[in-house]
Amino acid sequence: MSSYIFILLGAVLVNNVVLVRILGLCPFMGVSKKLETALGMGAATTFVLTLGCGTSFVIDHWLLIPNQLEYLRTLSFIVTIAAIVQLTELVIQKTSPVLHQVLGIYLPLITTNCAVLGIPLLNIALRHNFMESLLFGFGSSVGFSLALVLFAGLRERLEGAEIPLYFRGNPIALITGGLMSLAFMGFAGLDKFK
Amino acid sequence: MNIAFNSPYFRKPASVRSVMLRVLLALLPGIAAYVWFFGAAILVQIALASAAALAGEAAILRLRDKPVWLFVSDGSALVTGWLIALSFPPIAPWWMVVVATLIAVVIVKHLYGGLGQNPFNPAMAAFCIMIVAYPQLMSQWPAAGHHGDFAAQMQLIFGGGERQLDAVTMATALDTLRTALHSADSHATVHGVTSSQPTFGMFGGNGWEWVAAAYLLGGVWLVQQGIITWHIPVAFLAALAAAAGLAHGIAPDRFAGPLFHLFSGGAMLGAFFIATDPVSGATTPRGKLIYAAGIALLAWIIRTWGAYPDGIAFATLLMNICAPLIDLNTQPPVFGHKNDKKP
Amino acid sequence: MALGAIILGAALGYASIKFKVEGDPLVEKIDAILPQTQCGQCGFPGCKPYAEAIAKGEADINCCPPGGEEGIRKLADLLGREFKPLSEEHGVEKPKSVAFIDEQTCIGCTLCIQACPVDAILGAAKQMHTIVAKRCTGCELCLEPCPVDCIAMVPIPETVENWKWKYPVHPIKQVTA
Amino acid sequence: MIEENSGAPTPRPPNVFRISTSTALVLLLFTLAFTALMAATYQFTKDKIEANALEAKMELIGTVLPPSYYDNDLLKDSIELPPTPALGTEVPSHVYRARKNGEPAALVLEAVAPDGYSGHIDLLIAVKADGRLAAVRVTNHHETPGLGDYIDPKKDKNKAKPWIGQFDNVGFEEVKPEEFHVRKDGGKFDAHAGATISARAVTNAVGRALKFAVDNQERLFEEHHDERREGRHEERKEH
Amino acid sequence: MNALRKLFRFNGGVKPSYNKEPSTTEPIVDFLDVAGMPAEYVIPLHQSIGGVPHPLVAPGEHVKKGQLIGGPDGFVSSAVHASTSGLVKAVEHRLMPHTSGLTALCVVIEPDGKDEWIEHAPVPWRSMAPDEVRDALRDAGVVGLGGAVFPSYLKVNPGKKGALDTLVINGAECEPFITCDDMQMRQYGETIVRGAGILRDLTKAGQVLIGVEDNKPEAIAAMNAALKATGEQRIEIVPVPTRYPAGGAKQLIRVLTGIEVPHGKRSTDYGVQCFNTGTAYGIYEALELGRPLISRVVTVAGNVERPRNYIVRFGTPMKDLMNVAGAKPDSDRVIMGGPMMGFAMPSADVPVVKATNCVLVGSPALFPPPPPEMPCIRCGECAKVCPTDLQPFEMYWFSRAKIFGKAQEYHLFDCIECGCCAYVCPSRIPLVDYYRFAKSEIWARENEKAAADQARTRYEFRMQREEREKQEKAAKLAAKAAETKAKLAAAGAAAPEDDAKKALIAAAMARAQQADKAAEAAPAAEAAQPQAPQE
Amino acid sequence: MGIYREITWNSLWKQNPGLVQLLGMCPLLAMSNSIVNAAGLGLATVFVMGMSNYAVALLRSFIPYEIRIPVFILIIAALVTVVDFAMNAWLHDLYLVLGIFIPLIVTNCIVLARVEAFAAKNAAVASALDGAMMGLGLTLVLVTLGAIRELIGQGTLLSGIDMVFPSAKPLQILSPDYPGFLVAILPPGAFFVLGMLIAGRNWIEARKARAARVEKPAPAAV
């Protein structure tokens, strides 16, 4: 039980996907200009990534490893995730138009978030079992959403600052990301009793 | 007719400079206690930090084509410099404080537009950068009562080459406690450690407890002066005491008590001088409570389980990140809208 | 793998047809930002066509002079693109003006009435025409058709009612200057 | 899981169905073509990759035990130990048995120091048949870079005489078991000032492992080779 | 009785130095008695909130004192009257008492010196319908004299319930330097109380509370005496703690009744309404004497030798007041209103208007230019003193960066521009200027947006109409063509041929035009395409 | 000639993926802690991008519009897998260091972005060049970042070169006493240095623009 908590804690804070593992930076930089979009992106990613981790575990352990098809891992994972994204879109469009309106535009963007492939691959590398994979996926995407939303909050405020000309836009955003990453280093060690 | 400025036509005589100067003034009791227990080296560090802060500020203002004197004389860079000096080990090599201050002023403050616009606490960001880069140099602290060894301290600060440490340094109370409790095959208890090691004082770190008490004094004066409100220090200290007290109550052998936590490390400095940085912190009354309590809780967690002996700096940065969202969600009700439902 | 491919392909083929013809709410949002001057300076026959072109990614966001920088900024915000200064080939931002007909010269040819996209010009054949200043968007489309050049653009005058408080001067700059 | 979703019947007009099948077919063709490409590459590189893995393992063992000490195939002659408190292991670990001319020459053990500054420190320890250590290496750790990471000779500033070299050729004859600690704890081993914790963790773990190896030497050499040792431990890496 | 009343408090507020004594040493006098008639009265038509009244007189006309010269225009507007009898010299644009330094339409009257009233009679308001009373007040030009110059007839309204709980008469006068209400209460307390009584009856108020800041003990005493003398019922004089801006309508209502009227809501919906003491006086004069509003009490203070209050006719140049009061030579500015909220005048030549409660003369020594503005350090001082509980620094942060949407999210439009925040700001930021700037930009934008929306509908309407007309025309022509063809066929070649031809041509043209239109759009789209792949 | 030069200039500077488009950030930041890592991953990306652009440009007439994205991903994933195996086989040490960032080239947005924006519309050779040059643009930024971070972080250049050329030695640039500014090698350093690089590019562009304006005064009024 406590190992699950540490996995979750580790994924959300200590080894935050974006700030420590450095995955998923394109959406981190791209969809963080407004709080609202950041929230939408976070929610959509959380959904897809958690589902993706579960499915990729199943595929890896029931399909690829028994048939010695490990060399198809990258391909099958990315295709699976693309499929999940598409199906999710279909399903929520049918079941909940409201949700579709909120998340719809972010879903297609998710496939180019390298965390959705990176985290399932890390699951394999870290030899997580099914439950751990799910938790790791969920924790990572919550970590992603957390970083994204906090970053968006900061950026909304920064919009009003008199940032030196050459640093406006992406440079200052990156430096802010760096300071966030620095702050998250403070969590180092909290997961070591694993 | 002169209509270059509009109403109100007269103002209260207040200025950023007087605010900052009073913050510096409030630090003096703490500095005095610091010198008393740990020698005059800290004064050298403060001088170094001040020089670096003013020079860095002047240079970057010049580059940015901003009025140099107006901003250099506002005193905010001095506050940043002093706080860096006070949070670094007083026997750290001279270049560390200088580099840290320059990072704080040039990168963390001015790349965001300078005074009032930086979302991160410059002093604490610089501290975090330096402790990540130089953990060893950042954890060499002098032992209390060595204030006679000014020459030795100067040798450590300015002398290059191998540092002869064992004579003057000593792990801090927080570090010692942490080390002892984390060791795999030790059966150390809090009481056992604190009562046997010279680094512990009556209720905090030896010597440090009195420095902290002096900071408390200066901080209370700041509250009285109206420069800071009670929200942040009270929430900070209460949350730290509550977390420590709860854990100590459950497992007194594994967790130090509230008094120890309040009076060691950077807690007091943090509560009154660091968490209260108006620029990078939360600003609404409720927001301030959440913000300060957040710093205290994170700092306690990092102290207790994390990799760093003290967590005030990291906790401050972490809550800096949260501050805009805290503010956004704790806006006080506007006149006439007190009974409105939250959207 | 093959099975997966088949299913995926089927699903995608299905979805692609299913969702091909869906109204684009983005166009409405873009159109709401455009100033509705309908002047065609953007190179499209009106604001809505320009909005459609932007939504399709066929036109840049910086082609509308009447919308000015403010408009470009809003578009950039809406579409998550970077702000760009107004494209020079499409014209420059001018002070807001309205058309004014010199009633002495007007011969009542009604050509301007036909040109005005917002029906701001009143008059009947062979009678002097006037422009309802409140309705005029300042698109200048009526200037060209007029055979006697009696229409001129006059900037909207500043009055106590429409006067705006200026951006507070930054005395910091004054000190260094 | 895909099957589940496609099972849900959705009313489709017939032309949709036709287009769906044709796209599915094209996709299938592409999939087959590129899967073939991957399979070919896999076949082509498979042997080399496996050889690499073995080589890497041997190279690692080589850092603690030079090949001159033995003439058997270490990877073949290994056993798997259950989690052993004396080695600090919480998962099964390997012991490689070096023999020369059929005589026991040395044991190579995997051990863990659980109390590093930031968590576990993984160790590879070679113990010669005479009860002396051949060498010790840190295979994985999270100690603070620039401070505690000198326990890894690659990061040790003192390249000529790395800290971990202290354990070379040391046995309980040279250092008594109760002295197998860092100097600060009354032992015989040095530690870098300001970073004793890492050194303490490694030293204590080496001491415990050495004792375990000496006490169980005979049993370890005799046990039968375990065929189920395919678990590729070195793959477990933190990024 | 006073001691029993429970007062409430509003958050924030400041206590600047009041400087009220100098102008209270001498009683109010009529300005005409000390200075005589000016050479001309310049009476702006736009003196109150709302529509600009239209001029009712032409140059060369003779007018009498109190004659209507500007008729109210629209639902929110108030009449303007001649301040004295004389000749209308001009109806032209003159410099306005407005910070912009812009001109607006004014009626310029050259006094004939007779100061002859137009015929007027008391209004029998007790026997009139409420709407008629309101019309009378509108035609008498009574507007709020507390500063907002909102037409009073709109506020004389018992509200939805048909009766107000509380009518507040605002005698707080919290702005430094200004003493016109104070002195008016001391000298004309009875009139004010009677005016309050009229307002009480018109709004059917359960009680009338006259709030006076407790730094005006003489006024409080005079009002209590007047209350006794008039014998008015359900009226009470309530001293309120002195703290700027206790005189803000919302703040005073809060202090006296505990009710908070939010921005954008009518106070009558909460059962309260607030009038200035001067307005009460004006209402008494308008209804009981039938006199329209042509003068008011004005404080002249600041950098002058003899600060004092005068009854001043509208249209009198401010310079005349300054001369009489003895403006000192180092004077550099004229402010209409007080130092916290007043507006700098573009010139001393501008006339006194209904909004002029004070002519405040400034000098560099009295109102020194503020030290350089520093960036906001988010110290929160401004939030502490804001009487509307706003976060001024957030509004400033986004106003400065011209991110107006965000500024509005922080309730920019709840700001009453009281200036407390700028008063305490250690960075000496002209905060209120930023709010005024942001507000006027937002208004301008809203107007533009409304204009654009209107243009869109007009454009769409036109497109539809054109389409319809085209179709109708085509159909008509086709029908006509068919008809002529039939006729032709029937009547042989008797009918002239060109009619049918014309019809055919027109129909073809219509078709071609439609095709043209479709073709026009296509190339435009194509032209844009090749650029796309290259980015 | 003209078009190839334009493609090159566009990819390396004007639309540089690392400095301007800010795509493919993860490998850029994560693997730029030393020159060798940076160059290794960068070259792998060059290969994948060049090949995938080439392949897509060749095959594009067979790909139905609706499933183009899945097919593109399929092609990219296959190529990445090929690189993955190749590096595992012949650059094993480097492969271990780069870890999951090789398979992650699949999701590197810049790869798909170029395939979609360029290869799907242009000729095969130009597409291959575009892909390779975009990859090279990313690699240049990666290597620059790597060099700066390595130098500030530990005072060396080309550390770990022995993973590629076993006999080569890293260069010690700063004095061995240089204390090493560790933050530069850690994740925060990656953000900081890239931020500074982009600011530097902005500065160069602004200077160029200013120079251009001085040289070429605005066209005279007609």
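Just so it is clear, A, B, C, D, E and F label the chains in written order, and each chain counts residues from 1 on its own.
Going forward, a residue touches a chain if its C-beta (ideal position, glycine included) is under 8 Å from a C-beta of that chain, and two chains touch if they have at least 3 such contacts.
Model, not experiment: these values are computed from the prediction.
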| item | value |
| --- | --- |
| Higher-contact pair (C-beta pairs counted), B-D versus C-E | C-E |
| Taking each chain's C-alpha mean as its centre, the one farthest from chain D | E |
| Inter-chain centre distance, chain A versus chain B - centres from mean C-alpha coordinates, in Å | 33 |
| Chain E and chain F: spacing of chain centres that average the CA atoms, whole Å | 62 |
| Geometric centre distance via CA averages, chain F-chain A, whole Å | 22 |
| Residue list for chain D, restricted to those that touch at least two other chains | 2, 5, 19, 22-23, 26-27, 30-31, 34-35, 38, 41-42, 118, 146, 237, 239 |
| Set of chain E residues in contact with two or more other chains | 370, 372, 374-375, 430, 433, 436 |
| Set of chain A residues in contact with two or more other chains | 21, 30, 71-72, 75, 79-80, 82-83, 87, 122, 125, 156-157, 161-162, 167, 172, 175, 179, 182, 185, 188-189, 192-193 |
| Chain B residues touching chain D - in the complex, by the definition given at the top | 133-136, 139-140, 165-166, 179, 182-185, 307 |
| Residue ranges of chain D in contact with chain F within the complex | 19, 22-23, 26-27, 30-31, 34-35, 37-38, 41-42, 44-45, 48-49, 52, 55-56, 145-146, 237, 239 |
| In the complex, chain F residues that touch chain D | 62-64, 66-67, 70-71, 74-75, 77-78, 81-82, 85-86, 88-90, 92, 96, 99-100, 180, 182, 185-186 |
| Contact footprint of chain A on chain E as seen in their complex | 375, 397-398, 400-401, 403, 406 |
| Residues of chain A that touch chain F when the two form their complex | 19-26, 28-30, 71-75, 78-79, 82, 111-114, 116-118, 121-122, 125, 165-167, 170-175, 177-179, 181-182, 185 |
